[in-house]
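We call the chains A, B, C and D, going by the order they appear; numbering starts again at 1 in every chain.
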Amino acid sequence: MHLYMHDRGHDLSRHRRKTMEFKPYCRKVHYYETDKMGITHHSNYIRWMEEARIDFLEQLGWGFDRLEALGLLSPVLSVNCCYQESTRFRDEVCIRVAVREFRGVKLFLEYEMTNAKNGHQVLTGTTQHCFLDTSFRPVRLKKEFPELNEILCRLAKDRAEGRNLE
Amino acid sequence: MHLYMHDRGHDLSRHRRKTMEFKPYCRKVHYYETDKMGITHHSNYIRWMEEARIDFLEQLGWGFDRLEALGLLSPVLSVNCCYQESTRFRDEVCIRVAVREFRGVKLFLEYEMTNAKNGHQVLTGTTQHCFLDTSFRPVRLKKEFPELNEILCRLAKDRAEGRNLE
Amino acid sequence: MHLYMHDRGHDLSRHRRKTMEFKPYCRKVHYYETDKMGITHHSNYIRWMEEARIDFLEQLGWGFDRLEALGLLSPVLSVNCCYQESTRFRDEVCIRVAVREFRGVKLFLEYEMTNAKNGHQVLTGTTQHCFLDTSFRPVRLKKEFPELNEILCRLAKDRAEGRNLE
Amino acid sequence: MHLYMHDRGHDLSRHRRKTMEFKPYCRKVHYYETDKMGITHHSNYIRWMEEARIDFLEQLGWGFDRLEALGLLSPVLSVNCCYQESTRFRDEVCIRVAVREFRGVKLFLEYEMTNAKNGHQVLTGTTQHCFLDTSFRPVRLKKEFPELNEILCRLAKDRAEGRNLE
């Protein structure tokens, strides 16, 4: 998953771009995350998507500690998961996160999870988020956090143009 | 939420139906289900939907013990949640489950969760399921479990006709 | 589990006491609480002990909402569990809580969990707690919450005298 | 934490020992592991102790996959936790595991958890385990798994002699 950071003001036709690369978030399946069917309980994937989202924001330079220090909350509005293949205790899953859409208010993220053991796709999912202040009032990123607004808009734009997924 | 059980072979125009009523599944929010934002962590709703689904199947006469004794598994293929209002420690949520669609293979359930305190809608969601035997091979309900097949088909049909939600 | 509430100022030798009875806290094992061994994962019992503790405090008239409104926190200092028999999905466990010791600072609770199906003992456990204000400073119950102090002291005394467990 | 592996049959007075070093198990606190008090919920430490135990067994060469392939289960008989200092979202905890006692039947492990941020002790704990076959019958390690028996006995002996904790 690559993100090409445009050198704004330069000639894009010459393809001079810096590449911003996101590392997938990887973690092992814990024993207590399995259920009596012998496989990972489906609710845990929602938690791993959160782990990956937090890691993704940190890679962007907008970790939760920074968001929190700025009084910026980002609650989950919706979650969507399509389970493709089960995982088991001690499997390692790798999760890639991308910004699917952002136009200033709602952040729409997508997730792709694979099993490191065999490269099989485990799950695809999406989450939607808004931005609130600590009094739970909506925050306009463009006005109050233009830097974060710009990076999210750009990631969404790049994805639309097919540039941030290899 | 009512389900009208048709007296098959009788004159439906006379509206002679038995009513099958499903009780919503209610439960309180536990302390350990809250997170540092002070509200219920969003992943727990997925678990409560499972609790409600299991209770719904029991009300149908197809509890997990019966499914299990018959060697019938029903894994989750997808989950979808739209969070409308947060809940807090000691709130009580009530969950209604309905069969949205079933045509013999995939079972498509829908959920509506309200906060008992104020009647506000907390969440709407859906899950999709298939039926497998203990070797994880697909099971054709119509052939192997015609009784369960019929009840699910009828619930789906009634919902389509607007009869199983008051 | 009975608690005899002394009629203070009356003749105890005539055994005139009001009985305060605590209902055990009962709940079913959820599917997501099992693990790949097919039984309840041991970590969940710690959570159920918390559920039972909160219920016990409510029966005492000191529910978490009241404690919270008063700015009184009661964190866990230690947990101890002896597992005697495993439980399974859909089993119902019943938990009795008693005050083992309280002399004004540390609250020492004990738990006894049985399986409703067969009455077998599932677990015995203890927890220790202190009382803090919202700035995490120790609170002297005797001075600031004499009513709660008295009820906890009395429960501990009655237990020592063998009166609050039938 | 060091474990000196004796060169059996050699002159110990010359201190010729191989050193077996165990790496502590480290992991970050997840958002969903916090509760409304703003700190890690106490039940999660029990799960982290399991994560550390599994990692410890892997370092010993007796990972769960190997135990499982041999049909060897090791359920938890008791858990004991003393909480010393709370942890928060994004803190990293490091857990050291040691064999406190083993004489062929019950395995008695101890845990020490520190906060990587400041080195403060977060928790000390113990767990007790037995060994069962897949029919839940007790297994005599000495007879059936002498290699595992010996390593556990030696670790317990070394700890008693103060050699496996730096």
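Methods note: a contact is a pair of C-beta atoms (placed from the backbone, for glycine too) under 8 Å apart; a residue touches a chain by one contact, two chains touch by 3 or more.
Please read all numbers here as calculations on a predicted model, not as lab measurements.
S.K.: More contacting C-beta pairs: B-C or C-D?
M.R.: C-D
S.K.: Specify the chain most distant from chain C by Cα centroid.
M.R.: Checked the centroid distances; the maximum from chain C is A.
S.K.: Determine the centre-to-centre distance between chain B and chain C, using the mean Cα coordinates as centres, and give it in whole Å.
M.R.: Centres of chain B and chain C (C-alpha means) sit 34 Å apart.
S.K.: Report, in whole Å, the distance between the mean C-alpha point of chain B and the mean C-alpha point of chain D.
M.R.: Whole-Å distance between the two chain centres: 42.
S.K.: At what distance in angstrom does the C-alpha mean of chain D lie from that of chain C?
M.R.: Roughly 30 Å, centre to centre.
S.K.: Can you list the chain A residues in contact with two or more other chains?
M.R.: Residue numbers touching two or more other chains: 31-32, 43, 47, 50, 89.
S.K.: Graph shape for the chains shown, where an edge means the two chains touch. Line, ring, star, complete, or other?
M.R.: Topology of the interface graph: complete, with all chain pairs in contact.
S.K.: Using the touch definition up top, name the residues of chain C that touch chain B in the complex.
M.R.: 30-32, 47, 50-51, 54, 63-65, 89-90
S.K.: Within their complex, state which residues of chain A touch chain C.
M.R.: Counting only chain A, the residues touching chain C are 31-32, 34-36, 38-39, 41, 43, 88-89.
S.K.: Give the list of chain A residues in touch with chain B in this complex.
M.R.: So the residues of chain A touching chain B come out as 37, 42-44, 46-47, 50, 73, 75-83, 86.
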